[in-house]
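Please read the structure below before turning to the comments.
The first chain written gets the first letter, and so on, giving A, B, C, D, E, F, G and H; residue counts start at 1 in each chain.
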């Protein structure tokens, strides 16, 4: 199981995480954050592999990714 | 026959013409010029071939070289 | 009479365009005008505001620190500028993006649900024109006619297709202001 | 009494060294001294001159425009500076390289055939010391003893071998000056 | 659970002022990760330049100096000469490093100055509103090349990595790109090497990063990264142009 | 009689201030000969830099501007942009061109500025009294490297020709030497080519000339030329590093 | 003369330069003046001119040197840090007597500072921030119309005296729009001949552009010539505006943007019955002495207002020379003094207090 | 304290810096100050310091910035054109409040000019030739002994106020030899601590060296802080020498080399029975007001002598503020005014004429 945590207040809706997620499990929320952006969120947590690619492409260090130790990355 | 003309007042006694003359026919005069240098002169005009090397190595454009048209350069 | 108008909102809301249009209209009415953007640091984002002064005399300072009219397009702008409006001045609020009532009681208030109105006109982007139409109607700084005349001057040639919807928005705003007062 | 001495000659004649030695000697006698080279443009060649001031009081200006003593080592220097010497001043001329008599009649003249004398001592390079010895003897600005004491201070360690010939030259000059006056 | 990715310790938890999708943010993170990995946060001194990254000192959790436009390598030299056992890096844009600061970067490299340079090549002056940079591509429209860069008038783009690689003092010179995860991973390794080059006292190190400026290119962040891949990389080949030899320490 | 060698017409008949045996004089003559040969004296504008050759305007019989230290390429750019049909050349030393003027020469080359640069590399600052230059050899003693240039501290000498040859705008880049008649003859041809490159509108042209400074090297003119041959050339290989392609006009 | 059009100050500067016959611009981006190079990068090629973005401000000013020496009307523009970098070049231009126009859209300093409006480069502009005894005429316009006219005039003055001329403004003047009537372009064939320019010595002895004088006496003579020229500029090129209403006792002294804020204050003060005058230097160097002589007898005091910690006030003190009190009010770092603050300073002066304290 | 030794001015500057605890020098060759870098290139490595020849003056001043920010005592030196190039950097140093010492051995300008002595960079030094409202203390020594002492003091003042300090001289002071007693070296462990320096943030929050203030209000507040500091420097760091003999009516004002020529003139004048005084500013900024207050009542006139076209004379006028006539005599371009010329100027002033005319 993977855990993807968004520091939503820092997100700028650039969608790079969404573009690069190999599982296509990310989307933009409909709720503006305080900066005035629609932050990204994990819309389909089940399919996330915890590969961390989203975090590595996020220019604003919004995302943290945690994963069960034995699981393998697919990214 | 070659003619080597020195604009002696401009000579600075650097001796480069002397060093590079393939015929070793140049020397320094014993008479100071107005700049305070002992200017170079052609001490052995007979042996000069008019090759022009002295002129081409003179940093101060002191030397002019003329030669009979039919003669060949050896420089 | 010297009108000193301050307009403020988000970067993308067309604040500068509103101001430019107003200044152009003023010039076309042979008035003295100045338009002055607030320009931020050498970088992106944040809020935008601009000052327009329209007068029958040469304009002294182009900077408006105590406006006679204030147009706020979003809430942060209301927070920041509400206090600067002169007593008796005109306060125009885009209620679509400002979710609180102004505190000032000593000013004329004009509320415009600009985004909703613009949406109804089929283009969210003309919310600024709705507000401008309402403002001009309520303040009489320039005529609505001058604003319309200024449109083709200010819009680049390749955007002239947008004149129509802009005019509609201006008129909708003006109608609201004359009706709603 | 303030001595303002100007020395002038060709670049290679050791003018600066003469001046430095004199200034050192002055300092060793607990006098106030300044040494000032004329420094030319950022390039090579030409003439050199330096000013030395020796006084019992703090030295006002280190620049000598009207010297109390003038030492000329070559003809161009005589041409250039003869007129600046104060009336009654001391004019030392290296007659080996100056082929005309000075025009000034209101000064003390000391003629030194320095190059010839140096040559006789076996080293053309000490012509400057001959002149300096003569000058010191004639002017009493400092003692010859002080000059000799200054030599090891001014000459770098690896040149101390030259002290002897320099001393000889100084003495030869001094002898000429005391004899010749 | 094991952490796959968390914020590097050397980065402060503040909102950065960069535009949405600007890869300056990724570059920052890579530097911070290298600092963390090498455990040098407490002896690292950064030098911020003038460009969009002028506020870098607000984002890194270490000592910083803000340098005049183009002069970061000189400032870094001043620091490094006083504190040779500290780690000094500069973070510079292409206007800063490849235009006004050309002399400073060339000479820092020539001297083999023991500093690490992070060079953000986004083919444009970001901060001042998208003017032409020396790295702007031929034909690229900017606010001061409205008809596209004309090589007849402004020449061809300058390739900094290749140029500096002609200098013996440049121990490590590499060009990387930030346009996709695989390249970001490679960039990360290059940054690490560049810091190691300094730690091992081998000489000057520079990593040129092809970076995006969606705002001034007038593109979405995604389009901008595609443009990096399709337009920038052909002009600016990726690779290592100089690597330190094991022994050779001048 | 036929003239084998006479003073070029483009040189004035005045005594030059250079030290005895300084090859600045030879370099001057080669430039004047090229101007004569190409028949461009009346449309040539020279740019003198700051260095021993600062007075170049007194020696050439053509219009001249004296430029601030290092800025001759910028000054030449200003002239050439105003008068594109004139011939513009700069004459710069290694302190001027390779140190303070690095940015200006790199960018003139990058732009492919249609100018001709005569670059006198004598491994030292001549005019100011023999300080270290970026071109000073490792170990070479100068007044500011009294223990010899230490590469650990000051890096290795910069090779300007090679560095500029990485730029596409540099149409002709060559290094020659003035240490003997054969090399002087080759240098002469390089200077001609560099002017032709401009006349044919091909781009930026530079000729680096290894030159002597007997005064600051503390050598006789003859020893100095031997030093050029034995020490300078090994560090600075002679040759053409870029030649204009027949067609390629950017 | 054309119709009134609404134009940004920076763009108006660019257009004015073109109408003055300037066809060459060398610059480097810096806020808040980027619209000048951007405008000219579009416009100059249209009129057969050259816009070139230099690698730095240092390169830019030296390109200006080359172009000016080649006989062109040429301009560069920058903002404070960039102008500092041009100081050596400016000294060279002044030394070699080359005409050009240099625009400084001043921002808050020192150092990187900010980009907001300031007038804190007054000393640098009026006293030659570079080395040596040189001066450059400095124009300080207060409106876009005046900016246009003074930029055009700057080219005339530059050519008349073979000297660089500076035009200073700030981000407000650069970024604001105001109606402006653009003067007709100067016909290029009416521009002054420059027989001294280096254009290739066809049929004349070579020309040399130079500021080197190895012999101190020659260098001194050259300086005397420059000083004589500067004295002539002082005699002939002083410009100012004097607002001198009946009954004024306090005279403001202010230029540029600040003078406009001062005018607001004067208008409001008059409504309260307080009559004030204004001396508005239009040339900052040569600084106008005349208006001070005209009012000093009846003035009670002068109040100099600047966006600086107090720079022009020194020239005011020198002009008044102790005859009346000179007070100062200034804001720094990009803050424009507000009408309320200035009114407050005025009140203090009226009460005989020092507003600086 | 050691014995009297004969030393060249430029070398004495280098030695004084070392004795002040300066271990870092970044510079670029330029006549007539080359003996400073040359001396330090030998001496600094001997004492564990670093001499680095930078690629340019611009690089040098920015290396100074980095080194100063890292907490070092650091110096650079140059001459006029090179100092012009350092103006941006100086403004940054002042803005970021970094201590350092900058020596300017002034030569004749403008432009390339010559290398002979001048004082024509007075404005640049005293009014911040760079951009923004900043100041640097400026010392103007008149002898090599004083040069040594002031260079050492310059480092103290720089650290005390976290501000660059300038020392100005000319080729005469740089090239001449005079006996000097070198003060003992400052023990390195006695130098002030610099907790603000960027040395790696072991155990404390990060330090940042910076002059950027995007918000105008913050920039303004920073400037107010700087101005407060400058006022404190004006209160505490003024230095001057007043020669005020009984019976003096005319007071010379002169500094540096010129003051020594003036002294010759005063000595000779006294022999003719003419008693004169001398105000010799030692700090050019802050400019000494006090000596003027002390003598202005009994002075008949002031005669300012400079190797410039008239720069310090503005400060003299500001100090005298119209209470007495202020006259000026100056030579430019590298010419040192001769005693005869100055005596002539004095004579004119005594006769009530203006020597400048």
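As a convention for this text, a residue touches a chain if its C-beta (ideal position, glycine included) is under 8 Å from a C-beta of that chain, and two chains touch if they have at least 3 such contacts.
The model shown is predicted, which means the values in this text are computed figures rather than measured ones.
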| item | value |
| --- | --- |
| Pair exhibiting more inter-chain C-beta contacts, E-G or F-G | F-G |
| Farthest chain relative to chain H (centres taken as mean CA coordinates) | A |
| Separation of chain A from chain F, taking each centre as the mean of its C-alpha atoms, in whole Å | 59 |
| Separation of mean Cα positions, chain D and chain B [Å, integer] | 39 |
| Euclidean distance of C-alpha centroids - chain C vs chain E, Å | 43 |
| Sequence positions of chain D contacting 2 or more other chains | 41-43 |
| Sites on chain B at which at least two other chains make contact | none |
| Residues of chain E engaged with two or more neighbouring chains | 18-19, 54, 66, 68, 99-100, 102-103, 106-107, 127-128, 134, 153-154 |
| Residue numbers on chain C that touch chain G, as the complex places them | 20, 23-24, 27, 32-37, 39, 41-42, 59-63, 65-66 |
| Residues of chain A touching chain E in the complex | 2-3, 9-10, 12-16, 19-20, 35, 37, 50-53, 55-61, 63-69, 73, 75 |
| Chain E partner contacts - residues on chain G that touch it in the complex | 28-31, 34, 37-38, 41-42, 45, 51-53, 55-57, 81, 111-112 |
| Footprint of chain H on chain F - complex, ascending | 50, 54, 66, 68-70, 95, 99-100, 102, 125, 127-129, 131-132, 134, 143-147, 153-154 |
| Chain F-facing residues of chain E, complex | 99-103, 106-107, 109-113, 134, 151-156, 158-159, 162-163, 166-169, 250 |
